[in-house]
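Both of the next two complexes hold subunit A, though its partner changes from subunit B to subunit C.
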Partner chain A sequence: MKKIIVENLKYKYPLSEKLALNNVSFEIEQGEFIGVIGRNLSGKSTLCQAMVGLVPHFYKGAYGGKVIIDGLEVRNYSIADISLKVGIVFQNPFTQITGSKMTVYEEIAFGLENLGISRAEMINRIDFALNLLKIAPFKERSPFDLSGGQMQRMAIASIIAMKPEIIVLDEPTSQLDPEGSEEVFRAIQDLSKQGITVILAEHKMEKMAEFCNRILLLDDGKVVDFDVPEKVFSRDDLGEHGVNAPVYTRVCKALNKKKAGTNDYPVTLEEAVRVLGGMGL
Partner chain B sequence: MRSISLYTERNTVIHAMDPISKLFYILFALLIPIILPSIKVSIVCVVLGLIFLLVARVFKKTIPVFSFVFLILLTVIIIQGLFRPGNQTTLFHFGPFTLYKEGLMFAFGVAFRVINIVSAFMILILTTKPSDLVESLVRKGLSSKIGYVIISVFQIIPEMMSSMETITDAQRSRGMETEGNLQTRMKAFLPLLGPVILGSLANTKERAMALEVRGFNSKGPKTYLLEEKKYRYSKVVQWGILLGIACALAWRILV
Partner chain C sequence: MITVSNLSYAYQKGNPVLIDIHLNIDQRSTAIIGQNGAGKTTFVKLLKGLLKPFEGEVFIQNQQVKNRTAAELAKIIGLVFQNPNDQIFKNKVLDEVMFGPLNMGIDKQQATENAMEALEMVGLHDKLDMNPHDLSLSEKKLLCIASVVAMDTNIIILDEPTIAQDYQGKETIKKVIKTLKEKNKLVMTIIHDMDFVAENFERTIVFNEGKVILDGDTRFVFAQKDILKSAHVEAPEITKLGEKLGYRKTFLTIEEFIDYKNQERNL
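Moving on, here comes the complex of A and B:
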């Protein structure tokens, strides 16, 4: 089943001369794990925000084409309506704290209170989200009193409690230390295992190659490629689009070692080991 | 957690009262001396307020505020006592100055009213968690947006102060003088405002988006995670206060 359909999406921020998204089209199936990559300012964040209706509803600006999420055309629904289907997590864990709640537990309830969810259902959902993101031990702490990785997992839990079928994460680990990043990546994998459709914009290509079913490569607001990681990372023109392939791919490319019977280079450690193993390394 | 709220945790009858009742009491303290201008009534009100502060065991916390208020009131008393137009009855002379009874009585009237209102506000502020007050008001129909702004200010300002501290530490570690006399401190403080304010503005946009996607502008009715706090005798206290005000009005008109 098609979960997301984007058709000829064009978008220009107010007061800006240039299209931030230029004729973007793609389709995503239920349960897929999609990576969004591209150099800085290539339009990753704008695309992420277009999935939840922040583009265009929050910014206004000039909008053309269609984004259809689970049958809803984003342009015609409010952000609150769309938030029942898609959730988004931003870079900075700190700015996602509402600042009006005393504990982690209450913080996660914020969205549910706004949606008018009954108290019994709220408690069920909060407990589910706390456990899935492994932050139940901190539930009575102040939201400001957490490490970066814990705070970001709380932000994810706050979205997960709203039971979206799709979650969009815009560089969720870029402001975290290595340990915090690792916690968050593990949490995102757990979400995907729950059957949630995941869209992740991220610069850590090794992780992207490991997790993603397909990768969307953006440059200058346009889709350059949308394919499985081996195909995207085996492109010869990756560098021209400001992206580095995973280190395993770069090594195998340098040694000209392709995956057996294909035209693609390995993208993960295991694949690389399998290919290079034949060299007696 | 750090907080800018003056709320002091104590286990007393006053703390357990409905925040709305405390708002009613502020109304009472404002209106009664206006309805019944006799200085005796004001004194009774002041004594009542002080008793409440003592019962709530927060009297100590009020001392800095009251000292400031007394300082201002002292100047009012001196100026009115000496120079109020219509001063006639001499109380006593000192040097070239004469203190008059009319001005002094007027100034005492003002002083008691001010102390009365200040104590009523102190009862509210010192014995009520800001979030409890706002939650009561939102449940009574205050816009939840306004409620959000009030509560988040109480939490986010201390966070801004701690980010200010982080930046100060960074500057000190680079050899900038951040302590010493007022001038050095101002010099150290001003360059901080840029990053802190710009940072807060950028954060504001992101926080606004994060709130949006959590249904902040949802049109439907809201629910609450926490059960509504049940305050005992709220209705009795609030009707009692209203009745008191009504009686004062009746007294003023009839007697």
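Moving on, here comes the complex of A and C:
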């Protein structure tokens, strides 16, 4: 089932002369884990905001084309309506904190209160989200007393608790240590396996290659490519679009080692090891 | 340049964040790595005199930190915050970068020169009149780096400099670090981006649960697989690849690996 359909989306922020998104079209199936990559200012964050209706309803500006989220055309529905289907985790977790709650636990409850979820169900969902993101030990702390990484986990937990069918995450692991990033990517992958559709913008290409079903490459507000990681990362022109392939791909490209029987280079550690055939094998 | 002896610190009694740290930090560019909550940021705040040690001493260029005010220390040691919103408060890019130098008593002309040079380094010299809050997160981060660079301190500490940076942004920060090294500044960083550490920092110190558990030449540190694992730290991607392929050598950059492979082929 097509969960997200974007057709010829064009968008310009107020006071800006340039299109932030220029004729963007793609379709996403339910349960897909989609990675969005591209240099800064290529349109990744704007695209994320367009999935939840903040573009155009909050930012205003000039808007053309269509975004259809699970049958709802974003332009014709309020952010409140759309928020029942899609949750977004902002790039800077600080932006996401309500400022009206005294503890992490209550902060995660905020979205649920607004959805009118029953108390018993709220408790279930909050505990689930706290455990999934491994922040249960901090549940009584003030949201502002957390480290950057803990705050980021809380921001993700507060969206997951709302059980959206689609989750959009804008660089959700930028402040986490490597182990923490790995945990968060795994948690998100689990959700996607349960049928939740995931759109994630990120610069950590090794993680994107490992976890995403497909990669959307943006540059200058346009879609350059939308394909499986090995196709996108095997392109010769990534540098021109301001992105780097995963380390493993770059090494294999330089050594001209393709995956057996294909025209693609390895994108993960395991694939690279297989192709480079080390002494350890 | 920095001597730390017997340093301990706790925010709450009975819950130590740093335990008995002994370190001699010299001119080598130095990365501090470790899990969230390992005590890295607390350590840096102690160096800068923003926190006072519970126990132990910190000397910076032979000055005892606890006897100096944060203002005095600001002339020697600069810190770029992890979250740019904690640092930015002026409404123009140029004013933001000039604030530090002016406050240190540098005259206006020199301060402007410092600021322009720093802004040029990070590529924001064409945005002087913009409101910093209208910049993107990655640009804000670069602005914060410029603000500290303009203060021309001998020691510069970058807290998570590569957050939100794309390929180009990382290259810019690499260049800044290189320039600072050439000016004989001590550049330190707290960072989770191991690939960036391997490419740019000579020495690496690993913190775990408030203690220094590994310290040395970056290549040596990333070869200590088991200790890294116990600190929940991963080696750089290229190091992991070399290791998985069974090579004895510890690789720190893609170029090293490719050269090695090509030589191997020619043998």
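As a working rule, the second predicted complex is superposed on the first by the 258 of 281 C-alpha atoms of A that agree within 3 Å, B and C clash if a C-alpha of one lies under 4 Å from a C-alpha of the other, contacts with A are read in each partner's own complex, and residues count from 1 in each chain.
What we mean here is this: a residue touches a chain if its C-beta (ideal position, glycine included) is under 8 Å from a C-beta of that chain, and two chains touch if they have at least 3 such contacts.
Fair warning: this is a prediction, and the values are worked out from it, not measured in the lab.
S.K.: Once chain A of both complexes is superposed, is A:Asn40 in touch with subunit B (first), subunit C (second), both, or neither?
M.R.: So A:Asn40 only meets subunit C here.
S.K.: So, does A:Val243 touch the first partner subunit B, the second partner subunit C, both, or neither?
M.R.: The answer is second: A:Val243 touches subunit C but not subunit B.
S.K.: Quick check for you: in the superposed arrangement, does A:Glu113 touch first (subunit B), second (subunit C), both or neither?
M.R.: Touch partner of A:Glu113: subunit B, not subunit C.
S.K.: Looking at A:Ser100, would you say it contacts subunit B, subunit C, both, or neither? Reply first, second, both or neither.
M.R.: Touch partner of A:Ser100: subunit B, not subunit C.
S.K.: Looking at the overlay, does A:Glu179 come into contact with subunit B only (first), subunit C only (second), both, or neither?
M.R.: So A:Glu179 only meets subunit C here.
S.K.: Touch check for A:Phe128: first (subunit B), second (subunit C), both, or neither?
M.R.: Neither partner.
S.K.: For A:Ser78, select first, second, both or neither according to whether it touches subunit B, subunit C, the two together, or no partner.
M.R.: The first partner, subunit B, only.
S.K.: Figure out whether A:Asn92 sits in contact with subunit B (first) or subunit C (second), or with both, or with neither.
M.R.: both
S.K.: Under the contact definition given at the top, report the residues of subunit A touching subunit B in one complex and subunit C in the other.
M.R.: 92, 94
S.K.: Flag every residue of subunit C that touches subunit A in the complex, lowest number first.
M.R.: For this pair, the touching residues of subunit C are 34-37, 41, 82-83, 85, 136-139, 160, 163-169, 192, 194-195, 232-234, 236-238, 240-241, 244-247, 254, 257-258, 261-262.
S.K.: Along subunit A, where are the residues that touch subunit C in the complex?
M.R.: Of all residues in subunit A, those touching subunit C are 38-41, 91-92, 94, 147-150, 171, 174-181, 203, 206, 242-244, 246-248, 250-251, 254-255, 269, 272-273, 276-281.
S.K.: Under the stated contact criterion, what part of subunit A meets subunit B in this complex?
M.R.: 49, 52, 54, 58, 78-80, 83, 87-88, 90, 92, 94-96, 98-100, 102, 105-106, 109-119, 122-123, 126, 142, 144-145, 155, 158-159, 162
S.K.: Taking the complex as given, what residues does subunit B use to touch subunit A?
M.R.: On the subunit B side, the touching residues are 1, 131, 148, 151-152, 155-156, 159, 203, 206-227.
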